[in-house]
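Below are two complexes that have chain A in common, paired first with chain B and then with chain C.
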Partner chain A sequence: MRIRARVGRSPIGGPAPTVVRLALYVLLACTAAAGGVGAVHAGATNTAAATPAAGPDRVAIEGGLYRPLYRQPVKGANRDTVLRRIVSVTVAPFELDRRPVTNAQYLEFVRTHPEWRRSRVSRLYADASYLRHWHGDLELGEQAPPQSPVVHVSWFAARAYAAAHGGRLPTVAEWELVAAADETRKDATRDPAYLARLREWYSRPATRVLPSVGAGARNAWGVEDLHALVWEWTLDFNSALVSGESRGDASLERSLYCGAGASNAADFADYAAFMRFAFRASLEADFTTGQLGFRTARSLPVAGGKP
Partner chain B sequence: MNTRPNFSRAHARVIAWFGTLALLVASATGCSDGSSSDKPTALAAHGMNASGTVEAELTDAPNVPPPITRRNAAHVTVKLEVKEVVKRLADGVDYTFWTFGGSVPGKFIRIREGDEVEFHLRNHPDNKMPHNIDLHAVTGPGGGAASSFTAPGHDSQFSFKALNRGLYVYHCATAPVGMHIANGMYGLILVEPAEGMPKVDREYYVMQGDFYTKGKNGEPGLQPFDMEKAVREQPDYVVFNGAVGSITGDNALKAKVGESVRLYVGNGGPNLVSSFHIIGEIFDKVHVEGGSLTNDNVQTTLIPSGGSSIVEFRCDAPGTLILVDHSIFRTFNKGSLGMIKVEGADEKLVYSGKQSDVVYQPEGAAIQSVDGEAPVQAPAASRAERLQRGERVYKNVCAACHQQGGQGIPGAFPPLAGSDFLNADKTRAIKVVSNGLEGRIVVNGQEYNSQMPSLSLSDEDVANALTYVFGQWGNAGHEVKAAEVASVRGKH
Partner chain C sequence: MGRGLLMLLVLALIGCSRPHEREAELGTDDTVVRAQEPSLFELGFPFTDTDGRTRTLAEFRGTPFVASMVYTNCTSVCPRVTADLKTLEKALPPDVREHTRFVLFSLDPGRDTPVALTKFAEQHALDRSRWTLLASSEDDMRTLAAVLDVKFRPDEGGEIAHSAVVVVCNPDGTVRHRQVGIQNGVDALVAAVREAAR
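Up next is the complex of A and B:
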């Protein structure tokens, strides 16, 4: 609440002085770091309705192994050496929205959460193009058909929406695990024909008015529209730049550029994945773009697993 | 797995901000030591201290911004917009280009040695992809790539000082970098020397690139990028200025006789090295690889992928000069062809044009005789044998012009099949095959004015070939014997 109050009184709605903006970022970062995921949100929107009108249509994902695109630094036998290895990530069971959140669904959200309306959102949480394809605060207009995925939403906004629907944003590992599937196989990423299909979407120019969700085929998990409709926010979208290994961080930022982009890659052929990682890396949490939407997720207890 | 959101950039901003503050404090207190005070003096001596602010004029190929006339370096603002657009790659073939400024190659940027450039990279809100720019003219990590990494709908700014003169390539360096370049994300930035470039009459901007499409060359429709072909380095298109025919025909570059021309030539790649050549011209001067080394009197200059060349020449004779990648199948089959139309009065001494065209009839043209005694063929024993041997002669010697089926080629080579001219006169036919024929004839109502060489066939071969021809395609069916040929030749 402290942060929100401060934002409300600051001149941040207009062209905020960078210093103020920075200070707020730092505050936010510290809060997030101290409280973990959801801390900022709990402070920001705990006045929201806890139970949405209709439950989200989520698909249970049993979890599995996700093979990251980039090699991770691993300490070698000798303490001073750092090796880069493909370290598979175990993804715990979770639920994921079958489809991306639509304009209609997001409209409901801003009705009940006025602080996320276009005219009222804090510039700290969403940049100037937030919901700019909508006709007004509570009007969609022809650029934003109700059943099309909502775009021009920031990471903060997407996260608030997810929390209001009893969930969170999926992690990169969760999203990528499910997105590796085609219609029949849970991991189709070794199939050049499948990868070629994905690249074709990236080869098509963007359309200003997006098609409806659910037009594509359901993948082997029962999830739709992961590819070929919009990019999607993930909870840890910018984690590809930071490994937690301080010695590696200085050069990591460049791991996504040019030749260096390939040197640490686990799979040189998955161009679609390269593009997703590059896209995520170009974002900051307040950014909104016309091709970026989101869907929500929720953790599930591990069945019969260890606590 | 760490699901905690990360704010490293926010931290970085704070650090950068404090760093700037520290610098400001340092400069305000008049901090100076020997090394830092020497450098500005040296720079000032060459007009390298920037003064004044200008916005760079950017041009689309084949145009080049006007030469820089400033005597001093300046603060130059460059605003470059990235756009993802569908455009023509070849007739009937479209492609989704990713561009610096709306077309391929990207805008030509012209600055001066010592300029301090404030660079804005704007990623259009309708774009799908994040992009950045690596300018080879920049000294610093990534050539600006990391600092210019920009999400759709954003505008990044970074600054650099143009320390080195030369012609440099710029390109997008966002992963997967090969694909960004393959989609057309490259252009040229010229850093003019402080003293300027020698004046020329015309300057043009030409940049080569290779394209990899799902369909093979010429397959119509919107063609997506083909990664496998790109990895194998087997392009379907190799073009100048972003499309087949972008500088041919009505779009050809223009010059006049007596004018000097300077081409700023780049190669965006992503894969191929160009053997840049102009058919009908010799480069008087080449800035090798776009640098300070010059070479004179060059026919073909190699331009690496991600490299450039400045070529200069004087147009001494009128006509159309052809720009090619002299790795020549790329020109004939993949599109790397451009034109410069040079207008003006003929310079007959430099180039005469065709002065004559006469028939060239070397002795023993059709079948080369070999030294030593040729094996003498026994005369054909029967008509059947004559037909069989005649077919062999016909296919070896006659079919090249008259075609396998004797149908000839309308307007060029008269038909033998059902030919009134052939069947009307057996003796004339023997004469023609033995001695050749030149001038106007009418065959089946069609006029031919051409020339058939004397074929140096033996009497036996002439007899066999004619027997074969007369025996085919509804012709008169005459049998011709070697003795008849000998007697016709004797009368000759």
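Up next is the complex of A and C:
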């Protein structure tokens, strides 16, 4: 059994002090090779054929600039210099589910896709904790209320669900862009009061049975439940690369990483974003945990550009 | 909470990396038996090789194979990984070498066309009777990278930062050995291939 399976941490962490929580995330991370920074251009892999209409369940996001937490190595004018810059990512317009996928929705999916039922799923695509909170292959039970976000699903499973619904998983850049908002501002991350609220949400104790989706407020984009409910899978969660070097110079840990490679953190003020980054870096695609769910996204056609 | 402590924890995150372990159960004689080890051959999606032909992973059933994910425009670690795999190839006993296959999967299928892959194979003088270079769709590449637990991130300027992962697979497609990062020497890989060839 992996250690991570016993750590029942939610993004609404626990009452333990910051240091202990971070130590627990170190334990979480101990099964994975650590990585570097994750900002990938959005809208690359939409599997949808038709142009969907944004209904009450989906929100059209006009896109924008996502400013990653981490600096990327960027070559300086002198070939020997490697500078560390925050490189903003342009997020193209896309659609995002208003709420995380629920147990009820996922149940419908496994009804029509039996290969994703708990007793039949391949171990290549999901570990032994897959849907463990359900009563059976097709029975939710009292630990999985229908309107609560589905958890104990792997990245492969989440992706399959998304594809079956004409969508895909959101990228880190897309998710973080939308998650930067509070109720009235699209980017509230420079506001210390907002960051303090996030820290408070992330420090609430986890509940054994998750509450329903949609109980909280909509953010400025109209999206709900990005914080304080479940962690969420992203398409490129495995783009989180963390440097083995803490120095900001050109000596990178090249043996692990290709290319200009590893990056290091620029700013810890947005503590919640750092926690999410660290959490993503600890994940492998077949992992399932009790506080990790997902929502889906869809690319939107960009006029005159690449979709 | 000081930056120092956070950095320490980040370093600890790195330090804790080890090969991905599957669930194991103890047999009655205390040997660890790998239970339910999945096979890479479950990945049924198609690849294109250097000749533009459609290939599948299942073709490699029956012999041990060594695989990595690279891309042809890589200037740092990928050439080193390839060189190490060639060293491994040479270091194998002839009877094992004859039956071992080497597979390089592209992380950059958009640019790694059959022509680009052919050029890469020629530049590295890869013995095509043993080496296969494959590219898939972008979506399928993402699936494969997730299965092999390769971290990657396309950067500004066309490079793809990624972890250097080598897997040694048994003839049934299960992963016997996984190596992350460039190591000093190929002894562990040689040992793994020889075990896989038994």
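Criterion: the second predicted complex is superposed on the first by the 223 of 307 C-alpha atoms of A that agree within 3 Å, B and C clash if a C-alpha of one lies under 4 Å from a C-alpha of the other, contacts with A are read in each partner's own complex, and residues count from 1 in each chain.
One rule holds for everything that comes next: a contact is a pair of C-beta atoms (placed from the backbone, for glycine too) under 8 Å apart; a residue touches a chain by one contact, two chains touch by 3 or more.
All values derive from a computational prediction rather than experimental measurement.
A.B. asks: With the two structures laid over each other on chain A, which partner does A:A269 touch: chain B (first), chain C (second), both, or neither?
C.D. replies: In the superposition, A:A269 touches chain B alone.
A.B. asks: Considering only the touch criterion stated at the top, classify A:A196 as touching first (chain B), second (chain C), both, or neither.
C.D. replies: first
A.B. asks: Which of the two partners, first being chain B and second being chain C, lies in contact with A:A173: first, second, both, or neither?
C.D. replies: A:A173 sits against chain B, while chain C stays out of touch.
A.B. asks: Tell me the contact category for A:R123 with respect to chain B and chain C: first, second, both or neither.
C.D. replies: second
A.B. asks: Based on the superposed arrangement, let me know which partner A:A285 touches: chain B (first), chain C (second), both, or neither?
C.D. replies: In the superposition, A:A285 contacts both chain B and chain C.
A.B. asks: Considering only the touch criterion stated at the top, classify A:R208 as touching first (chain B), second (chain C), both, or neither.
C.D. replies: It touches chain B, and chain C stays clear.
A.B. asks: Quick one: classify A:V87 as touching chain B (first), chain C (second), both or neither.
C.D. replies: After superposing on A, A:V87 lies in contact with chain C but is clear of chain B.
A.B. asks: Examine A:L235 and indicate which partner it touches, taking first as chain B and second as chain C; both and neither are also allowed.
C.D. replies: Both partners.
A.B. asks: Which positions of chain A sit in both the chain B and the chain C interface?
C.D. replies: On chain A, the overlap between the chain B and chain C contacts is residues 18-19, 22, 25-26, 29, 32-33, 36-37, 155, 235-236, 238-239, 241-242, 244, 253-254, 256-259, 261-262, 274, 278, 281-282, 284-285.
A.B. asks: Given the complex with chain A, which residues does chain B contribute to the contact?
C.D. replies: 1-11, 13-14, 17, 84-86, 96, 125-130, 132, 134, 141-142, 145-146, 149-154, 173-177, 179, 214, 222, 224-228
A.B. asks: Show which residues of chain A lie in contact with chain C when the two form their complex.
C.D. replies: Residues 1-2, 18-19, 22-23, 25-26, 29-41, 44-45, 47, 72, 74-75, 87, 122-124, 127-128, 155-156, 159, 235-236, 238-244, 246, 253-262, 264-265, 268, 274, 278, 281-282, 284-285.
A.B. asks: Contact residues on chain C for chain A in the complex?
C.D. replies: Against chain A, the touching part of chain C is residues 1, 3, 5-7, 9-14, 16-18, 20-23, 36-40, 42-43, 74-78, 138-139, 142-143, 145-147, 149-157, 159-164, 180-182.
A.B. asks: Name, in rising order, each residue of chain A that touches chain B in their complex.
C.D. replies: So the residues of chain A touching chain B come out as 18-19, 22, 25-26, 28-29, 32-33, 36-37, 89-91, 129, 155, 171, 173, 192, 195-196, 199-200, 202-206, 208, 231, 235-236, 238-239, 241-242, 244, 249, 253-254, 256-259, 261-262, 269, 271, 274-275, 277-279, 281-285, 287-292.
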